[in-house]
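Consider the two complexes below, in which subunit A is the common component and subunit B and subunit C are the respective partners.
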Partner chain A sequence: MTDRLKVERKRILDTNTLILLGVLLAVVLIINFLANDYVKTIANLCGIYVTLGLSMQLINGFTGLFSLGHAGFMAIGAYTVALLTITPENKAMNFFLEPIVPFLENVQWSLLPALLMGGIIAAIFGFLIGAPVLRLTDDYLAIATLGFAEIIRVIFTNTQSLTNGALGLKAIPKYSSILWSWIVAFITILFMIFLMEGSYGKAFKSIKEDEIAARSMGINLFKHKVMSFTFSSFLAGIAGGLMAIHLGTIDPNMFRITLTFNIILIMVLGGIGNINGTVISAVVVTAAMEILRFLDSSINLGFIKIPGIPGMRMVIFSIILMLVVIIRKDRLLKEN
Partner chain B sequence: MTMSFTEFMQHLANGISLGSLYALIAIGYTMVYGILRLINFAHGDIFMLGAYLTYYAIVFTSIPWYIAFILAAVITGIIGFLLERIAYRPLRDAQRITVLISAIGASFFLQNFATVVFGGRPKAFPIPQLLNKIVNLGGVSINIVTFIIPAITIGLLIGLNYIINKTKTGMAMRALSKDYDTARLMGIDVNRIISITFFIGSFLAAVGGIMWGIKYPQLMPLMGSMPGVKCFIAAVIGGIGNIGGAVLGGFILGLGEILLVALLPGLTGYRDAFAFILLIIILLAKPTGLLGEKVTEKV
Partner chain C sequence: MLKIDNVTMKFGGVIAANKFNANIKKGQIVGLIGPNGAGKTTIFNVVTGVYKPTEGRVIFNAGDKEHIISGKRPDEIAKLGICRTFQNIRLFKDMSVLDNVFVANHLRIKSNVFSSILRTPGYRKEEKEMLEKSLYLLDRVGLLKERNEKANSLPYGKQRRLEIARALATDPKLLLLDEPAAGMNPQESSELMEFILNIKDEFDLTVFLIEHHMDVVMGICEEIFVLDHGELIAQGDPEAIQNNQRVIEAYLGVE
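Here is the complex of A and B:
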């Protein structure tokens, strides 16, 4: 009897996942020790987008709640990390219009607690927003979460003594090591795999498949929705924090819906509800976005100069997104 | 905090004129949503195209401005029709989220396409002399556009009301939005009706875009994104699917924004958040909007 149970039990980490993780680990280590700064920057961003893509999958792909609030949660994480890590001298320099609120004036944390705090504050907001908003369904939820992200951006633009308003924050200490981004990414990948195999993951999936059926099976819809939303916000907050230390400067206008759009693109290309796919598509899309930057700026071939066309890159990416959606329409939401 | 009566009237007039613009754009959202249950995220960008096409028609051709206005609105209507053909029709039977993602893609495509073709630098909208007059009404000086906008809006609303309630096409639209499947079984040509809906919605958005250009004469490729989201909110506040609701929501939002800034100048920076906060409050209190009907889910 026990033997049969053992045989029937599915391995949580299947071979494909292990190969993918192994290859990624090797590539990241090689890049970290051998590659130049340009490649490192791209690899760093890839890691951040892996976390973001998975966090988007959790709420949209697995739980089926169409949330467009990612940019807002990232902004919360990014500002938290920035305000906790910038040195007091640099804070005084940043806040020349209005002095910073006293309780943040002399704070200086190291990176790990600051990142965690960024995630926690984003999660608290996710919980507070989610509790009322998750009663709404599909489109209404999408527009309400989009609205929430916009409100965050507007608030951050106006709270001069807390966020330095439209001027943004500069001189965020650059812990530029790509290892940080990728350690978070690997933890997120494993977390997602184990979460989705466990009872919570099964509950999330059942909510996506059919809410009414899930409810009749005794799943507490509201609790699980809020939980998924809060986890997802936590991850988005951490990724936002990583983005802040990667860039070194942040301002409210970075966190527009365009950012959320990029993450949706990663999720859709990776296959909705597909963890391995998301990891690969996060890496490919992010690298392609960076490499195709030449489309926006002019190219000098020595003998001829091709003028760049600003916006061309995003035209191409939006066409790709629409083509994928239209071609894969029926399989888009099915699990692979 | 004192405000003279004339000042208040000025703000009121401004609020009504902004409200009518919002109402015009919100109608397009609500008509499409009523039939397809789709947030046409690209609607705000259609509005932007309407304004840009007018700019090019006036600046680069010698046709009179009123013909340019009509021409631009009709071409924008055709673009709306094409948008549905290309981005939404292939997904007619797919899940709603899939179509929503396609709509987001279409919106970003139009925005970036506009950046590529029209350039990212703001352009000054050419305002016809006739429409750019300041009139003095009992001590209140108001630009004549402030009155023209609501007047045109009311005219278009009367026309729309006629189409929807008195013509066969309008009857088919109402039938489709009441019960899509049954209406289709009754022999309604769904594709034709949806195409007409997109044409009308985009035409109205273009008129909104032109009047927006006259009121705020600065064109940018991203100019449609904020008004677009706000007008969707207006449609939701009024009860999505309901044209009267969209108009009501548009006016509430337009008046609310202008009066918020006028009465509480300290909150000026939060103007763009007003719509979203109002949306969240109304959705939580009355999830189907002010004039929306209650929908029960069938198992």
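Here is the complex of A and C:
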């Protein structure tokens, strides 16, 4: 074989990614040891949204499947982690309307296995609903996954002895360290980069680019779609679990479509199919959502007083999202 | 090698192909011609599994045993060794030229997804082989220099060549080319003819092609099938086809 046909050694982690990871690591460590609780809370959320944004990117941005089921998978992860970590005494306190199902009564796991279990159960659901749903094309897939997320929410509202229904779960042990969220976020970043640089990741991309060509080149569409969907659900489940231990209390109404919308916002602002961009946009959007909280309360400009409108900051984000979609014309949905 | 047995393809009331029969032997270059809308691409779509024929069956034998491929999925058919190019080019536009060919190797991968993420030695070895083969194929079609460019930034003629390289990466035994010379000038189409003859020998291929450039079809095909309105109206070697009255009528119209 001649010299010019030699396979060039390529680095999986390019310079930009390494710089980004280095800066993030430094900032997270500084915040963890020096900053006050308010900043830590925001940093913690940022880490969770990095994982969520990348998980959305995997299924929508890379595989081209417009799925809106993230809130449902997060709910599954969050409830799994909550039920596995709450102490038996607190469980008895939570479930005062109806006693908890016996097999969960005395369970108390430590965080890491509980988180993994949250991811695994979300992944199992992803795998099971993926089988029928992923045969649908774009718009129908979006409707079906949205329906799935709503069904999960309604089920969790009505299974009193399993999820405590609309009362939600309280006294979830708080693991206050922001390191948990960020360890998961860093692992997710690396997972995504290594997945997408490999043969399977490129097969996902080819499915997004052109399904007909991809299957004619021997790529089993269904198998790869289910794979991508399952990974994405796993990550969403883990992030849901992190959300549960971050907030300390969860209820079914947290996991509405608006949650999925936030994640889509992060993905679109980060750039479809752009891992570094998603990480940055997750951090910026999450931080901005906290910082812009003053928009929701009344503002006194001295000469004029604007009354507080709850949800005002979401209007700002919706406008930004529209502008980005119009200006960048990113391919959110597949062509043809 | 490929036996198309009494295949009929109907779309609602429209009969795109009617009782089509063809038998392609190993090592042949076979042409499929006919006026626009005659059902040529329909036949390709039936063979590659994009359509399931309304009636009839397609049998493929790559030398091991007979497979009835009508009704199988396109990816299963590709794995058996039939690959194609598209009339209206269908590259993975936003991926690099190299990745377009690389991903066409994916169907034969043995490592699972976890070893690809962990980059185990087994996967790395496999990936290296896949990359080497991709580079070789790109060099073969003269696109080595452009390997890091995006596929849709290539000019039209190079996109056609990239499609052939991508199809070859799946290790086909039967290669289906849908109008490979479309948009080419006489100089380019004679280069293409030479290229097809070369890859046929090098990769031990059987070639089935649709083409409107008669000089290409008459120049390299050993056998030609002529379709008109879904019907097979003639079959034979180039000379017989050129002198066939029905073919001339189909192309030029009847007085």
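Note that in this section the second predicted complex is superposed on the first by the 311 of 336 C-alpha atoms of A that agree within 3 Å, B and C clash if a C-alpha of one lies under 4 Å from a C-alpha of the other, contacts with A are read in each partner's own complex, and residues count from 1 in each chain.
Rule of thumb we're sticking to: contacts are C-beta pairs under 8 Å (C-beta built on N, C-alpha and C of every residue); 3 or more make two chains touch, one makes a residue touch a chain.
What you are looking at is a predicted structure, and each value in this text was computed from that prediction instead of being measured.
Of the two partner chains placed around the shared chain by superposition, subunit B and subunit C are both touched by A:212. In the superposition on chain A, A:220 makes contact with subunit C only, while subunit B stays out of contact range.
In the superposed model, A:184 makes contact with neither subunit B nor subunit C.
Counting the residues of subunit A touched by each of subunit B and subunit C gives the higher count for B. Legend: residue contacts after superposition of the two complexes on their common chain; A:203 is shown touching subunit C, with no touch to subunit B.
Of the two partner chains placed by superposition, only subunit B is touched by A:310; subunit C is not. Residue contacts after overlaying the shared chain place A:280 against neither subunit B nor subunit C.
In the superposition on chain A, contact of A:319 is made with subunit B only, not with subunit C. Of the two partner chains placed around the shared chain by superposition, subunit C is the only one that A:194 touches, whereas subunit B remains out of contact. Overlaid on A, the two complexes show subunit B and subunit C touching the same residues of subunit A, namely 212. Within the complex formed with subunit A, the residues of subunit B that make contact are 33, 37-39, 87, 90-91, 94-98, 100-102, 104-106, 108-109, 111-116, 120, 221, 225, 229, 232-233, 236, 269-270, 272-273, 275-277, 279-280, 283-284, 287, 297, 299.
Interface residues of subunit A, counted against subunit C in their complex, comprise 1, 4-5, 7, 12, 191, 194-195, 198-203, 205-206, 209-210, 212-221, 227, 273.
Those residues of subunit A lying in contact with subunit B across their complex are 60, 64, 66, 132-133, 135-136, 138-140, 142-144, 146-148, 150-151, 154-155, 157-158, 212, 257-258, 261, 264, 268, 309-312, 314-315, 317-319, 321-322, 325-326, 329-330, 332-333.
On subunit C, the positions that touch subunit A within their shared complex are 48, 50, 73-75, 78-79, 83-84, 86, 90-95, 99, 102-109, 111, 113, 116-119, 123, 126-128, 130-132, 135-136, 139, 144, 166-167, 169-170.
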